[in-house]
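As written, the chains take the letters A, B, C and D, and residue 1 is the first residue of each chain.
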């Protein structure tokens, strides 16, 4: 934790009823917090309540470690809320998984090194040795785990062990060209972010740029999502697109797509680091 | 008013202090309202509090006509809040001012006629007779007020009188090619919406597409704003842009711009009708 | 035809070889034409040649009616080119098919009436009577053909007969909620333009906005395409997208989508009217 | 030069007249070239002819070094054309100038290192020492030239000398926070690319994000341009924009702007490296 107290952030969802915002803001006021940002919306069809609230901890009468328990007993428990609690002063620890393509890796490392993000990157994992020099240029330990059908389970176990040793809280797949087993993904629910190089749900799986060219789409996209057990089916966090013109052929799609991938992946990571993502039934609400 | 009670909407700004959200949500809860949407943010530099809250009136224990007074005495007054109160059940009455270009007029009338917007358009005003047939096709009264330097003041007074008779609450300038006097604009503060065919503050005034072509910009824009005494200087509500390519010449800018103008003007009108715009110091916060 | 000679436009594709551009431009020069725009590209993988060239007919030594034959015998025939020849002075005759949703119809009629497009609309066809007043407001004949499984073939035959009588060259499906039979679509190959309210190939078929909301996409789209025998599988002409935010629910997707549909459909019609679309193997090249 | 012959590219402009495309394509055909891409357009108002043509050198009967002279005597001279001739096989040599902000530098170096661009970067110049470690991480020599009013002329002379020694053909100002003298810019006409962090011509000069926030724009932009003697007035190469929402404050503009700056600068460099930019009267035509 920093010296600065920073802010606390609550992400809440539950069935809607009268008085929910009041209860949350009453709790914050009772302990002398000052709200700097509150977003609340009710889903009209399912009558589900969603809320993100952020308040300054300077002057707050509960210590960070006490807030969760107090909130649960005073508010979340009685009102049946699901909640996540985060603190802006915490520094996330993030691992990056890569294969051979360096553009997303470069982009993520540049943001971390420059202080654009409040994050520590204790390690990079790869199933290929190619990008070790990039890791070295940024001074980050690089771990090479070749994956074959016969060693996949064992290698993943070693990777997970490494992540635990390094107290990693977020895994970013930066064009990592291996499908993670469901055992692996279950270990980091809604904490593994992948970038897929298409506008999902169009063109899931392999070679989306070739498929997009074949179909003659006029716009290509990229999608970042939390990884779930089903390939390219996890909750989408962020998407963006780029227009094509009649001269664009597959290499142009790949070139334009590279920039999209960098942007869309890094925005998703930023939203995650800012605790702006609420996952509900395989969808996300991103409080951008 | 409809049979359906609909929702009430408060737009609030004031210097920030602890307890503001609590006070507003406490008021709503006290009278049995159910909040369906709440957006709050504090400007970090000026420490100004901004909020929009919308709640269902079904079951609310105050009649719509009583809410404002009660809120002022219980909350806004004691806490020094500036507030606007609106009701979704009210139907806005909107006048459209045009000159010779029909595209925005067509677009607005189409949206009104189809029921896309909850709005009544009692009249169209123009300084040219050209678009009377369009008005006639939609069955809307058309008033022709030619404007010359020597009759401008008198004609504007007649226009204002007409607006009053028709209980008009919102004036939309749909490519109206006359500068309104400050006497006119003062009669409808933050209730006259104009569309300017550039990405403001670039290219204010006349012939923006020609200027944009001359300067060699790669993107053109359109901007909708509330009209203030200074030309093209009022608070911006909405902007959008379109990319150009090397073949695009002035007629192409005009063609692409037409579609932008329609979109950007109609979005601004929609935000206004939904009471999603808060004006503060010549800026807007649009709770989109 | 107008008094002004205007321009001639050739759209060409064939296997690539040396000298193709030279042959075409030599033909134009031989007859004293002045090229104002030429776009040529070779597909690197299939080595296919694509070209659009437009030249001024003022001073051209061949009459419009002679150009095609001369070009075929001098150039296209010997070099194995596929070509289309068009003239900017011709006014297209366009039929609009609608069902109950008026927004695209309003948009198309507004563009035609205002002279934004060089087009005549001799008739509107619908399987529902609802939009007859819109047609009446613009003074366009409206033909109601209710479609049931038992009368579909017969009704389509009557529609086709009506199109022929009116010398219709382009059919625009403006949210027409009936699937055309393959007999119908075969009568107008690459001359029926549909708007589908999703970013194809995502969410083909019915209720795409609901599906998009369910999947949690962050961007919605619309796609215009030539209609082929397979539903929503024809060559895509134009696509565009709009970002969503966490508050957007199905009615918001429908609202934002309406504006996309209008834009994307009208751009496709405009490209068609400008003879900027080359169809090749279920893809289009749009020389925008 | 590579072993592969690659392509030759001509960029041409001149007053329009009949037969220009024919003359150029005739020259290419005469020497057995195969055109893979040709873009031509005539400015309707000034009757100016613009063209870019690219052909394969494999089998071309002139050596690269002979093409320019032959073209000038056979075509460009007689027809009064201005032309530039480039070869895809040449590797550009690019210097990067930076100050303290690393994001554009990281982005450019990542693209160069990964082979995304065909470019060599022999040196980085800076008026501050801060980014030397970034240069070191990528193994590029870093030259620190502190600039004060009293030493500016002398330092710029040294910089120019260094550029000459390193045979630099393109200078990229990657958020370089010093205004270059007109003596410097005159040494690299249309070969110095700058990124300005606003949507020019809006907000030229210092602190554009603060100005944009003050004015309440709904979209921010970035603009890359060739540097001319007048600050932020050179020919624009590329622009892009990003939407804001009501929560975005100056730090958010800076954050969103950073990503825009990276994209817009790197696209401009790419267009330059691909010889797709034609400069004419302080405007560019970008054959994207």
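Operating definition for what follows: contacts are C-beta pairs under 8 Å (C-beta built on N, C-alpha and C of every residue); 3 or more make two chains touch, one makes a residue touch a chain.
All of these numbers come straight from a predicted model, not from anything done at the bench.
Colleague: Give me the set of chains touching chain A intersected with the set touching chain B.
Modeller: C, D
Colleague: Would you identify the chain whose Cα-based centre sits farthest away from the centre of chain C?
Modeller: Result for max centroid distance from chain C is chain A.
Colleague: On a C-alpha centroid basis, what's the spacing between chain B and chain C, in Å?
Modeller: Using C-alpha averages as centres, the distance is 35 Å.
Colleague: Averaging over Cα atoms per chain, report the distance between chain B and chain D in Å.
Modeller: 41
Colleague: Considering chain A alone, which of its residues make contact with at least two other chains?
Modeller: In chain A, the residues touching two or more other chains are 37, 39, 41, 44, 245, 247, 288.
Colleague: Could you please specify the touching residues of chain A with respect to chain C in the complex?
Modeller: Those residues of chain A that touch chain C are 39, 41, 43-45, 50, 199-203, 214-219, 221, 235-241, 245-247, 249-251, 282-288.
Colleague: In the complex of these two chains, what residues of chain C are touching chain D?
Modeller: 16-22, 25-26, 28-29, 32-42, 44, 243, 245
Colleague: Can you list the chain A residues touching chain D in their complex?
Modeller: 37, 102-103, 106-107, 110-111, 113-114, 116, 134, 137-139, 245, 247, 255, 258-259, 263, 266, 288
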